[in-house]
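The chains carry the letters A, B, C and D, assigned in the order they are written, with residues numbered from 1 in each.
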Amino acid sequence: MIKVLSSGNSILNQYISELRDAEIQKDSLRFRNNLERLGGIFAYEISKGLSYETKEVITPLGIANVPMLVEYPVLTTILRAGLPFHQGFLNFFDKSENGFISAFRRHHKDGTFSINIEYASVTEIENKVVILCDTMLASGSSMVLAYKELITHGKPRHTHIAAVVANLEGLEYVKKHISKNDITVWVGAIDDEMTAQSYIVPGLGDAGDLAYGKKL
Amino acid sequence: MIKVLSSGNSILNQYISELRDAEIQKDSLRFRNNLERLGGIFAYEISKGLSYETKEVITPLGIANVPMLVEYPVLTTILRAGLPFHQGFLNFFDKSENGFISAFRRHHKDGTFSINIEYASVTEIENKVVILCDTMLASGSSMVLAYKELITHGKPRHTHIAAVVANLEGLEYVKKHISKNDITVWVGAIDDEMTAQSYIVPGLGDAGDLAYGKKL
Amino acid sequence: MIKVLSSGNSILNQYISELRDAEIQKDSLRFRNNLERLGGIFAYEISKGLSYETKEVITPLGIANVPMLVEYPVLTTILRAGLPFHQGFLNFFDKSENGFISAFRRHHKDGTFSINIEYASVTEIENKVVILCDTMLASGSSMVLAYKELITHGKPRHTHIAAVVANLEGLEYVKKHISKNDITVWVGAIDDEMTAQSYIVPGLGDAGDLAYGKKL
Amino acid sequence: MIKVLSSGNSILNQYISELRDAEIQKDSLRFRNNLERLGGIFAYEISKGLSYETKEVITPLGIANVPMLVEYPVLTTILRAGLPFHQGFLNFFDKSENGFISAFRRHHKDGTFSINIEYASVTEIENKVVILCDTMLASGSSMVLAYKELITHGKPRHTHIAAVVANLEGLEYVKKHISKNDITVWVGAIDDEMTAQSYIVPGLGDAGDLAYGKKL
């Protein structure tokens, strides 16, 4: 199932528009801040489908029966571009455990590239609700590789895959490689095209470079 | 129209539950942080009803037609308890102009009290969308007084009144004193009772004291 | 005693320079963020003179004898311009109690103005270390009035007065009206001139308007 | 050269004490927040030794000659434990470029372990001032390995190595393996002992687990 958060308008669209704007991108503080705010919004929307149970809390003036989150989802992200988006999720799910996975593009002489997993630091995910977030979902291969790496550490009860901007082709790729019963995909916007180097068009460019500086 | 954000479950309920808990309240950093996060969530939900227009932005890889907020709402709050909640709105509506109004409880010898407006620092609100937020809506008299003060500075196009915890009686009071065409009321939770001193029961106690220390 | 934090260079100077720049000021998010960061730096520098006592804490691997702050200072500020600077202090002194005082310029027909205190919400300050912060210290009259208001609520053990940009004349005014044994003054930068309307030159303009929008 | 920031008391000591406390550690939001605040303080102290040049900026009321940072340092950190500390540096050096390096402990059957570099995503560092930060400096081998990895990407003009808590033995190890002309070491506190598994005693436990959850 694919949920497109920009289908109804909200301030989320303003943030995505600012992320795309080549002029506004020059302020990397705002660029990262927009990704953090988007992470908060995604976290909130995903939280609507989580489980709550009524507990009794003692207030200074009485007793209240209030709904509390049964279990915090595990927050995982793909390095390095996913970090500010992940931070936004963590701001909202402050008690969550976390995982970090690195996916690296290895460029070949013929102009093609392959994606490798080099680093994975993951907490217990067996039978947990997991969120796997990355800023962009272009070809979909990083996301699928990260997911495959993730499930070598345990079997999540359900995984929410989240991306700010996605490409139609990439969404198809995810659909093809991960059973639709296992995941829900959340995206902020869907763009139609992709370059030969798997950058989304119009997209926003290289999210990692824009947040953290041009990688050598 | 009254919109109750806790009617469907979300992480918002977790934050309100933590705000109520007399143990968790001892950590004023978390108390303020929960109010900020709630301000962000209210801002986001209110933003779904604002106006957007499609603009062209130039990305590093192309041209995108994207929806952008036509006009930021003016954010106003009641001192001092409303400040952390207001900060959450401002985190999300970073380009908004702001207003601050102080409502002060004057306690009389017979145990009753009246509420006075002492300070109002407000930007242009004529024909603007305005958000007026306060942490608690108990008797409703602070909120109504602040609103009445506000409209001496101009006539807003529409005003969103927002409170984390409200009391039924207070909501009735607001309804009685402000035309329902002029406002939308957003609340996080509704409690049934109120003490003689107009504290909501079970509520969460004195939000200003909990955020900033016991007032002399 | 006057401590000028910009006398040795540090990133503090970068923030003050950005606050001054009429172009960069257009981004009110960055303007407020710079004030918050400066509040953090002032808090840290002031914290070097506070009292600490060694306490035993149990770590997961042993027992450590560590220095902990004996008493958090009370943080007070002048509305509305002081709020983002105060937020920076509160980020660093998260357990502090707080006070808010409003000083209002009443403009007279002859072009002069007087400053009135309208609102004061202050926690217990008797025998406490107090920080009184405002973004600008121009003529010094707001700061002196706020201090005089403050000490009607109790006698602080010592008060640290903090301002991002100060004027020489204003510093003289403070010195003349408050005993030098009672206060330490901390400033980020000192400018020489002042307009007839008591705006510091070159200064940065109206800090309240820049942070929160032009006041009616 | 080793600079020990806790040698004079400041609020930095309060944060380190809270990080150590097994009870306070249960709140991972505060744990990460303390690391972020410490990153800000380290950034500020390091910034005192950076280069500034006077530039002319136009304020709304005149022209100011102000000192601005000539060049932002490159901020690099070791995954995953260094991330919240690094975030604090980035909050203060918002225009900096960044690098991320993963160091992984590979535990051997005989109880010993070796540290491997798996992932390095680094921006241009040639002739730049670089900050390499990690929460703990225990045996020193992660830090030295990360540094050695770093300089395969270019030769920094100078590198500041920063750690919240360090061990004497680890500081000796760094001194032995990196020329003292190339680096300045900044630490928040120095502890005497270390376990066979290279955890600092009394230290604070496993910083990565405390910030992000127990790693599988």
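Note that a residue touches a chain if its C-beta (ideal position, glycine included) is under 8 Å from a C-beta of that chain, and two chains touch if they have at least 3 such contacts.
Quick caveat, the model's predicted, so the values are computed rather than measured.
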Classification of the chain B:chain C interface as same or different, half of numbers criterion: same
Rounded Å distance between chain B and chain C, as computed from the means of their C-alpha atoms: 27
Where chain B and chain D are represented by their mean Cα positions, the distance between them in whole Å: 40
Residues of chain A whose C-beta touches two or more other chains: 29
Arrangement of touching chains [line / ring / star / complete / other]: complete
For the chain B and chain C complex, residues of the former touching the latter: 28-29, 32, 74, 79-80, 83, 87, 90, 94-100, 102, 104, 118-119, 121-124, 153-154, 208, 212-216
Chain B residues within the chain D interface of the complex: 27, 29-30, 33
Residue numbers on chain B that touch chain A, as the complex places them: 6, 8-14, 16-17, 20-23, 25, 37, 40-41, 43-44, 47-48, 50, 52, 55, 57-64, 66-69, 91-93, 189, 191, 193, 195, 199-206
